[in-house]
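Each of the next two complexes has subunit A plus one other chain: subunit B in the first, subunit C in the second.
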Partner chain A sequence: MTRFIVKHLLKAILTIWFIVTVVFVITRMSGDPTDGLLPDDASASVRHEMRVSMGLDRPIHEQYAEYLGDVLAFDMGDSYYYLRPVNELFAERAGRTLTLGVASFVIAIAIGVPLGVLAAIRRNSLADRWMMGFSVAADAIPGFVLGILLIFLFSLGLRMLPSGGSGTAAHYVMPLIALTLGSVANIARLTRSSMLDVLRQDYLDSARARGVRETAVIFKHALRNALIPVVTIIGLHIGALIGGSVVVETVFSFSGLGSLIVSAAQQRDFPVIQYGTMLIAIAVTFTNLLVDLSYGWFDPRIRKPH
Partner chain B sequence: MIARRFKAPLFIAALIASFLAIFVLAMLSPVLFPVDLGATDLLNRLIPPIFLKGGQAKYVLGTDFLGRDFLIRLFYATRNSLLIAIAGLLISSAIGTLLGVLAGLLRGWVDLVISFVMDVLMSIPSIIIAIVLASAMEADSVTIALIVGFTGFASFTRLVRGQTIQLKEMSFIESSRALGASTTRILFEHVLVNISSPLIVHASMKLGSFILLESSLSFLGLGIQPPDTSLGAMVSDGRDHLINNWWLAIVPSLIIVIIVLQVSLVGDWLRDRLDPKLKS
Partner chain C sequence: MRKSKFSLIAALILCFALSACSGGNASNDSKEGSAAGTGTGASASAAASTGASDTTASKELDVLRVGVAELPANMDPIRGVGNATIRIQYNVFETLMQADQKNDSALKPMLATEWKRIDDKTLEVKLRQGVKFHNGDEMTAKDVVFSFDRLKQNIDGSELAASLLAGITSVQKIDDYTVRFVTGKNDPILEQRLASSWGSWIVPADYITKVGNEEFAAKPIGTGPYKVVSYSPDKVVLERFDDYWGEKPSAKRIEYVNYPETSARITALITGEADIITQLPPDQMSVIQNEPNLSVESLNISNLHMLVYNTSFGPLKDKKLRQALNLAIDRQKLSDALWGGKAIVPKGHQYPEFGDLYLDDYPTPAYDLEKAKQLVAESSYKGETIEYELKSNYYTFANEAAQAIVDMWKQIGVNAKVKFTDKVTRAQVSNWSNTMRFPDPLGGLWLLWGPETDARAEYWQDMPDGFIATGEEMESATDPAQRKELARKLMNIWDEEAPGTVLYYPYENWGVRKGLAWTPYPSQAMDFRADNFKVVE
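Showing the complex of A and B:
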């Protein structure tokens, strides 16, 4: 087990290093950042001064070493646009995005898993078909379209909810729906197909023959096995959640990390982009690590060397 | 798997026909409407469609906030969105196949490096990769197509690599090697031929997600730049006029959903036809 953990931990660290390095290369390749920060008619000496103050005049390997140091210290310096430390900007907004993300995650599992189990048990029933139809439709609707439709319906039509902002609890309702609907559909569909696979297994019949109640067969014997692939997808789901929040926060002018990263990309605010991608890399990589480890816990067959 | 009704031959035929109709009409936009997309007409801005009060016969679907014909912009937007998604699909399937075959045939450290990069690319949400790339580049349709293509090639590589490794073990490839066939010949005559149908299936499933990615990127203002437009950019433009001119945002939104639905239902059908193994 220790070797299993160490191997995966090393891979996680390598992954994060790789991502931050690629982002460094991309942002350095995109040209001189001072072009965007100074007016077009800035003199060469002003330009040079700015390059020196930003450390851009030094050899690239020194800049890269400093950047890696910044990454380790979780300090990317000041935002080009806000002229404030990047980590302060992120700290201010992290709470709102985390609230949104965690709530969406919990709701998606709480609705998606039972829905999938239900559809699998009552396969080909009307409920099953409706659920599958819903999941196909949900996949075809991008987050921003769903957001626009929600604003049209609830803010302009029914005048029930605020169309944008992030001040009160009411501001969370529509972003939450827009962020969660697709996840519910995906998790439900996956649980359904995984459950259908397990329901075919012989050991369930042998449990029934031993007189185990049907509810216990479904929930204790079948569901636990059916959830193994679901756990993996839920792990990958963190990525979808991050991607979704970037779009959804922008639609609803929700002041969180996602909208911060989008506006940074529009303004070429590279320290913010670097910090944001570093956090995303860490979040995604460590969720994958946790998934790999929990996989071994759920399914002891994986732990044993072949 | 989806309700049987969606698999009826007539329904699929209607889907394919309607998608082709949209595709052909959209591609013909420069011929049908040879206009300057940047030309504005501020005296005629925000005119409603003809079937609503205040509509004018000259503008069937009305005009946008700069007085540009909304219908014509929809045509061009659909054209750009489809072109970028299809170009992205070609780019990503080409890079993906190349790397996948390399990793699968050569194995060893080449495979290790390629597989590692693929794992990383697939773990980062594609919209984030696209945003980072778009922030560092000048946005025009070619770069956006490249970005979309680069964002999506990992899953092609994974598919092709797996297929190649499986095929390599097959006896017909071994015997052809024993008969003295070169690696290139084996690649073109056996490997590529045999992976083509799962590849087509995968490409058809990916097209919808590429359309969604391009429209999301454009919606965020990081895709196609004005005066040129795409469906996502039109939704973004129309969003500020939702209260009085709701159709400006809702119509392009619905077009996105309709096209993605068409593409993904046809993709499902294609998968069942060409690759029964993959049926879940």
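Showing the complex of A and C:
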């Protein structure tokens, strides 16, 4: 088990290093940050002065070496635009995005998994068809379209919810729906098909033959096995949640990490982009690591050496 | 009804999709006109459209909510100056003189009560007494000296402000209420520079010395009618300052709320979450106009959309070809087709906000295909393809304008093609916008095209001596009649040499709730002081 963890941990670190490096190079290739920071008729000398103060006049390998050194020393640098340390900027906004993300994640599982199980055991019933029809539609609709439809309905039409901003609990409702609906649908569909596979297995019949109650058969024997592919997808959803928050926060003018990263990309605020992508990379890599480890719990055969 | 709702929703979706694809169109457009801040001409159209009348008694408003496309990166008025900043800071900070935005940039006393020239290089300014900063400290000569000395401290983000006021060599305190400004060279527009929203704000010396630049950038203090209560990524809250020396403004509180997406700003205005929104794209105006309780304020801003020709390389080396290109552009047609006729074709490279220096009799660029064809025939042009470089969606309607101009040039036998690029190299033809920084040719044509600029270094290397001599004469000339003639000569040479050409003054739209009488300024500063913002119903 220790070897398993160490091996995966090393892989994760390598992945993060690779992503950080690629992002570093791409940001430097993407253009000149002074374009976003200065008016378009600022002179070349003012631009140059600003580039020097950011250290962008030096060769890229020097910049990269310094950047890696800083990252290892947990110094993430200052935002070009806000002129403040990037970790302060992220800390200010992280609470909102995490609240949104965690709530979305919990709701997606809490609704998605039971819906999927229900659809599987009531296969081909009217409820199943409705649910699956809804899932396909909900999964297919892009977050920003859904967001705008929600704004149209609840803000413009019913005037029940604020169309944007991030002050009160009411400000969370629509972003949460927009962020979660697709995940619910996706998890429900996957749980359903995975359950259907498992329900066909002989060992369930043998469990029933041993006199195990039907609810126990489904929740203890079937669901536990059916959840393995679902857990993989749920792991991927954590990455998607951060990606999704980028879009959803933009639609709802919700000032969290997502909108910070979007505006940083538009302003070519390299330190913010780098820190943001690094955080996403870390989140996704370590979730995948946890998912890998959790397989062992769901299916002890994975843990055992072959 | 159903249909109109459907089109609204379609418009919102499209609007979001487009802005997402273009990568921050809103924030880029906002840079147009970001530099100006001093002057403006009369903005009659805007004043008329609110239906406000000065005779109506003003009521108070508890909260005025302004939906903006971006909030300032920090609240220090000299760091990262731009549109986002002056929208707010115009109400928080004050300059010594104020360039009256409704009266041809005429200078009015603000923190200074009077000023006089001691000699060509020295200006003496008397300060208003009894002016309080928001923390209760009195504003005196010490603060004025500190504010301008601060521009020489190389504070991160202050590069641009510093460069515009670099001509001031020293600021001396004579007594608590008298200050002298000394410039290295004669500077006929020093007073206008001191009135600029572009770095000339007076800030508190003791407070900044005590808390440091970083804390000041988060918790700024000025002398204006509003003080900053809070500053966060999604909202800046201002509150009326009770000890303000001037007239009390109508709104007790102002909240600037950040709605980066155009569709979100429009929705916020419709649902009543915002009372005024900025940066309403021309193609979304009808959405607001269709709402019974909303109106649109439009105004040509102190900015010029233009083309730049590189006079040093390839076929454009030939002046005749450049002149022909200028003659073949039907600017009015571009304005009619793209801007609904609201972009104004300028009378040369100048701005109406110049006031007395504005040459109203200067001709708009000629449109003459016959003469253009003749010039092409006389030129050395052999049918080479000319590249028209631009950054996609950077300026409003610039992509469409580029396609149209290339087609117009085909009519005179010039082959050009549009080249979208992330980095405009100015190798042949490229687009640009020029913002007025001070209401004077020294803050326009000369500032952006003079010998100290990128023009001389890159795309107008053969700048004629006559142009340089005229501008240099203008830098120190003080006689108004002489300055006017020099301004004319400067524009004449520029037009004749044709290192570029003007297209039009773009216009900006604001969505405003009816019942609020507020006039936007060409500098894009949002003035909510007593004389420019009233609640009329």
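Here is the rule we use: the second predicted complex is superposed on the first by the 279 of 306 C-alpha atoms of A that agree within 3 Å, B and C clash if a C-alpha of one lies under 4 Å from a C-alpha of the other, contacts with A are read in each partner's own complex, and residues count from 1 in each chain.
Simple rule for what comes next: contacts are C-beta pairs under 8 Å (C-beta built on N, C-alpha and C of every residue); 3 or more make two chains touch, one makes a residue touch a chain.
Because the structure is predicted, anything quoted here is derived from the model rather than measured.
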| item | value |
| --- | --- |
| Contacts of A:F286 with subunit B and subunit C, given as first, second, both or neither | neither |
| Touched partner set for A:Y295, first subunit B, second subunit C, both or neither | neither |
| First, second, both or neither for A:F4, with subunit B first and subunit C second | neither |
| Subunit B versus subunit C as contact partner of A:L149, first or second or both or neither | both |
| Touched partner set for A:Y64, first subunit B, second subunit C, both or neither | neither |
| Touching partner for A:R159 - first (subunit B), second (subunit C), both, neither | second |
| First (subunit B), second (subunit C), both or neither touched by A:A137 | first |
| Partner chain in contact with A:T15 - subunit B first, subunit C second, else both or neither | first |
| Common ground on subunit A, meaning residues reached by subunit C in one complex and by subunit B in the other | 30, 144-145, 148-149, 151-152, 156, 250-251, 262, 265-266 |
| Subunit B - residues contacting subunit A, complex | 1-3, 116-117, 119-120, 123-128, 131-137, 208, 212, 215-216, 219-222, 232, 235-236, 239, 242-243, 246, 249-250, 253, 256-257, 260-261, 264-265, 280 |
| Subunit B contact footprint on subunit A (complex, rising order) | 14-15, 18-19, 23, 26-27, 29-30, 129, 132-133, 136-137, 139-145, 148-149, 151-152, 156, 193, 236, 239-240, 242-243, 246-247, 250-251, 261-262, 264-266, 268, 270, 273, 277, 280-281, 284-285, 288 |
| Subunit C partner contacts - residues on subunit A that touch it in the complex | 30-32, 36-46, 49-50, 53, 79, 81-84, 89, 92-93, 144-145, 148-149, 151-152, 155-156, 159, 162-167, 250-255, 259-260, 262-263, 265-267 |
| Parts of subunit C lying in touch with subunit A, wherever the complex brings them together | 5, 8-9, 12-13, 16-17, 20, 23-24, 27, 31-32, 34-35, 70, 73-74, 79-80, 82, 156-157, 159-160, 163, 214, 217, 232-235, 257-261, 263-264, 267-268, 270-271, 273, 394, 422-423, 432-435, 448, 452-454, 457-458 |
